[in-house]
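The structure under discussion appears below in the form of structure tokens.
Chain naming follows the written order as A, B, C and D, and within any one chain the residues start at number 1.
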Amino acid sequence: MITVADLRAASLRLKDAMEAEADTLNSADGALGDGDLGITMRSGSRAVAEKAPDLPDDFGMALMGCAQAFMKVSSSSYGTLLATGLMAAARETKGRDAINAAELPDLLHAARDKMMARGKAELGGKTVLDSLDAIATALEGAKDPAAAAVAAAHDAQIAFRDKPATIGRARIFAEKSVGMDDPGMLAMTKIVQALTGR
Amino acid sequence: MITVADLRAASLRLKDAMEAEADTLNSADGALGDGDLGITMRSGSRAVAEKAPDLPDDFGMALMGCAQAFMKVSSSSYGTLLATGLMAAARETKGRDAINAAELPDLLHAARDKMMARGKAELGGKTVLDSLDAIATALEGAKDPAAAAVAAAHDAQIAFRDKPATIGRARIFAEKSVGMDDPGMLAMTKIVQALTGR
Amino acid sequence: MKKILNDPEDYVDETLAGLCVAHPETYCLKGEDNRVVARTTPGKAGKVGIVSAGGSGHLPVFTGYVGHGLLDACAIGNVFASPSAEQMADAIRAADQGAGVLRLYGNYGGDVMNFDMAGDLVEMEDIDTTTVLLADDVASAPPEEAEKRRGVAGMVFAFKITGAAAEAGLDLAGVTRVAQKTADACRSVGAALSPCTVPQAGKPTFEIGDDEMEMGMGIHGEPGVWRGKLRPADAIAEEMMDRLLADINIGSGDRVSVLVNSLGATPHEELYILYRIVQARLQAVGAEIVMPLVGRYATSMEMTGVSFTLCKLDEELEGYLKAPCECAFWSVR
Amino acid sequence: MKKILNDPEDYVDETLAGLCVAHPETYCLKGEDNRVVARTTPGKAGKVGIVSAGGSGHLPVFTGYVGHGLLDACAIGNVFASPSAEQMADAIRAADQGAGVLRLYGNYGGDVMNFDMAGDLVEMEDIDTTTVLLADDVASAPPEEAEKRRGVAGMVFAFKITGAAAEAGLDLAGVTRVAQKTADACRSVGAALSPCTVPQAGKPTFEIGDDEMEMGMGIHGEPGVWRGKLRPADAIAEEMMDRLLADINIGSGDRVSVLVNSLGATPHEELYILYRIVQARLQAVGAEIVMPLVGRYATSMEMTGVSFTLCKLDEELEGYLKAPCECAFWSVR
């Protein structure tokens, strides 16, 4: 069972990780993009951690609170996509105190679909969507969900490394992007590590 | 006697000299000013030389023609001052075929006075006015007027070298200007040399 | 590339504060964190609202064009960064006069996601919204992928024409139709000679050789179609006109408005040198120039460079283009 | 500091050609060599003419301010160089509507000699002329030698107010009186951060360190009162206001117009950051700001820097300041 108490604890781990990784993420984004991904994640995770004590015990409403807190301080694509995903999962879990790990794949799919609609992007485009998709698949019937999620995020990041970027500013430098991690996929690896504590 | 034919011949010598000295005069002016004195004198003397064949035989009208030709192509202070001086001398000599060397001091004084009025400047300020004044004085009863004029222009230039500039852009750099020739006085030395052929 | 500023963190907020204190009859700040610029005298009840949004550093775009016959409100982000969905929602709320709100802005990924999200936020408050994206920069994608093009100075025509349509009393569908028609009628191309500095970054947006230029570069330094030696003004203008006229059909009898726009540091003198060629090329195809604009209408702070925009008019668009408007940077009367 | 141009020799002529082809309803070229810009629709018969003159490279100054309620004609030299007396005489002739002509321009040695000479030339044609010189730059000489000061952006107020007085039908003496009153009411000061390039010279007008600024520098790069490290915007604005308020008596109840002017490359964003301080300082002494101007009104091509001008108004000047005017760069209606 995953409760709002777990969410609160995870949000603090996320904040610490993002403080530590901000420069790395900024540089990864700066290589071909505008270099703000670390700023986005740092300020967003700070805002969520700050709100953590006040999150309601309704799991769905708590996720909604996280999304709103994140969205308020971030305006870069990644923040908006994450907030969109969180809101999708919030809608599915509203009115409940806790969720099962077994529900995670469905929730991730719901998030992924809304994020695809929001960003008008497809799977396979070397974006955070591919990380989420890989994680959802790996979680299906996983014995150690945390380990499976971390491995899936990391593997997806590596698997897409040699493909060309297809979205955003990096798309214009598609050739250069071959051999480079997508910054959003890299960030998702770090996020999953922090949330799971692995 | 000095006739319009002499004027015509002198204008060609002036043009040749100014073609040769343009860079020197530009640099002298460029040290503290806007560096256009060589351009001014080259384009002005070219215009006068070009008009020389068509100058009327009336000495005053010929001087007037020189002034107008010069003025048309030049807009820097020096050109306007020279044209002003020429027009003053033109007014004094209108209706005559030739002038005497003995009249030169008076004509130069007339020119100098109009130039002082035009430029709202005084004698002693390290400008072309001081050159003209020195030349006029030296010409009074001179046995070899040409030699006297050349020597006077040169001596004035040297005598003022260590004084500070008092007019135009060079005034702002008055301290720096000490030890440097006033570009307008330097130009007048070259002009007199060319006109007299010495 | 030195800048006159205080703490770079305050660049945008101080700019907006100065803008509103200088022109209090035109602009006022709204929203939780004062990142919405709205008309001091709102549009009349029942008028369709028009909002825009985008990053700072492009004055007069975007906030400068809030005013009568132009935008009703605008959300503004940090320099070259999208405002948040919350701020955009505040702008929509400020613009709403009960007849719905058109979101009219440039095609940039982050802005689009946030403005869509903002639409979701206000939907629950019963504000109808529509969207028209400017995607006028022909250098940013080929005609087959025209919808991927980014929005640049064509925005100025879109704000003007659409603002007049809303002022004339068209409903949301009508205003949206006019906006889309204007967006479809605009083509732009730019050339950059030197970069600008984003205050919080503290270093230039790109590097370029002392004798180089880049054709088709974007307003944030996005790569263009070629980089090479700086060419003479007439050659630059001819190539820019070639690119525009290859992308839109303009011929004999057509009526076209043009914008010859400084990206910031390029002086008016040079814009007029370029304008000679713009005029000659349009004359050569038999088109008539209507209300040409020459100046700084959409900038990237102190970037050196220029953009040309053509806006092909029909009778409806020309009428709205010539209708009155009023803001601190531009007025038509 | 790259420039978009063709042959540097043609910079001015091509600029003027573009200006007139872009705005044919406002400007036309006159004079033997097309170095006079005049109103396309001349002032009405019996109106006092107002002419200005000066070097190119300062757009909108000087030629840009030819228009209804502003200048009637303007002679224009090469970049930063005086036009010739002949060209100025042509401008006077173009401006004359039988009621005499005021020469209204900045205090620079060569310009003054040439304009005086031009007056002599047209005297024989029975055109009455008067002269008012702008000498508003407080950094260029101490108050005891105020008549030696050079003319800078105060010109904009002088053109506007005097143009309205002429339009209102005052005679030559009356227009001259109003012009002199305006010139006496204006004080300016500038600060420069980077130079510009005169096309024919091909190199920057001055050199300055990457982290330096110069307070009080002239618009052609004439030396200022200090050069030192670049300061924060608020500190720059405070010093500029200190210098202006020390030179002119502005106190409680006074009405003042202000111009916060970009020398060229400095973006609007930064002008508005500075404006906050201008507004606060005038409010602190109890003065009321009337019709503030923020933008590029008097430039040195792509120079980076800013100037402030205060114009202290009385009832007469304020009325003329607010009267209608129209040119391609500025309109009041």
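The rule is short, and it goes like this: a contact is a pair of C-beta atoms (placed from the backbone, for glycine too) under 8 Å apart; a residue touches a chain by one contact, two chains touch by 3 or more.
Computed from a prediction, not measured in an experiment: that's the story for all the values here.
With each centre defined as the average position of its C-alpha atoms, the distance from chain A to chain B rounds to 82 Å. Chain centres here are Cα means. That of chain B falls 33 Å from that of chain D. With each centre defined as the average position of its C-alpha atoms, the distance from chain B to chain C rounds to 57 Å.
Within chain B, no positions touching two or more other chains are listed. The multi-chain contact residues of chain C, meaning those touching 2 or more other chains, do not exist; every residue touches at most one other chain. Arrangement of the chains shown, judged by which pairs touch: a linear chain-to-chain path with two open ends.
By the contact rule set out at the top, the touching chain pairs are A-C, B-D, C-D. Residues of chain C touching chain A in their complex: 77, 80-87, 109-110, 112-114, 116-117, 201, 220, 222-223. Residues 1-6, 11, 14-19, 21-22, 56-57, 59-60, 64, 193-194, 196, 210-211, 213, 230, 232-234, 236, 260, 264-276, 279, 292, 294-296, 299, 301-302, 304, 306, 328-329, 331, 333 of chain C touch chain D in their complex. For chain A in complex with chain C, the residues that touch the partner chain are 34-36, 71-77, 80-81, 83-84, 118-120, 167-169, 172-173.
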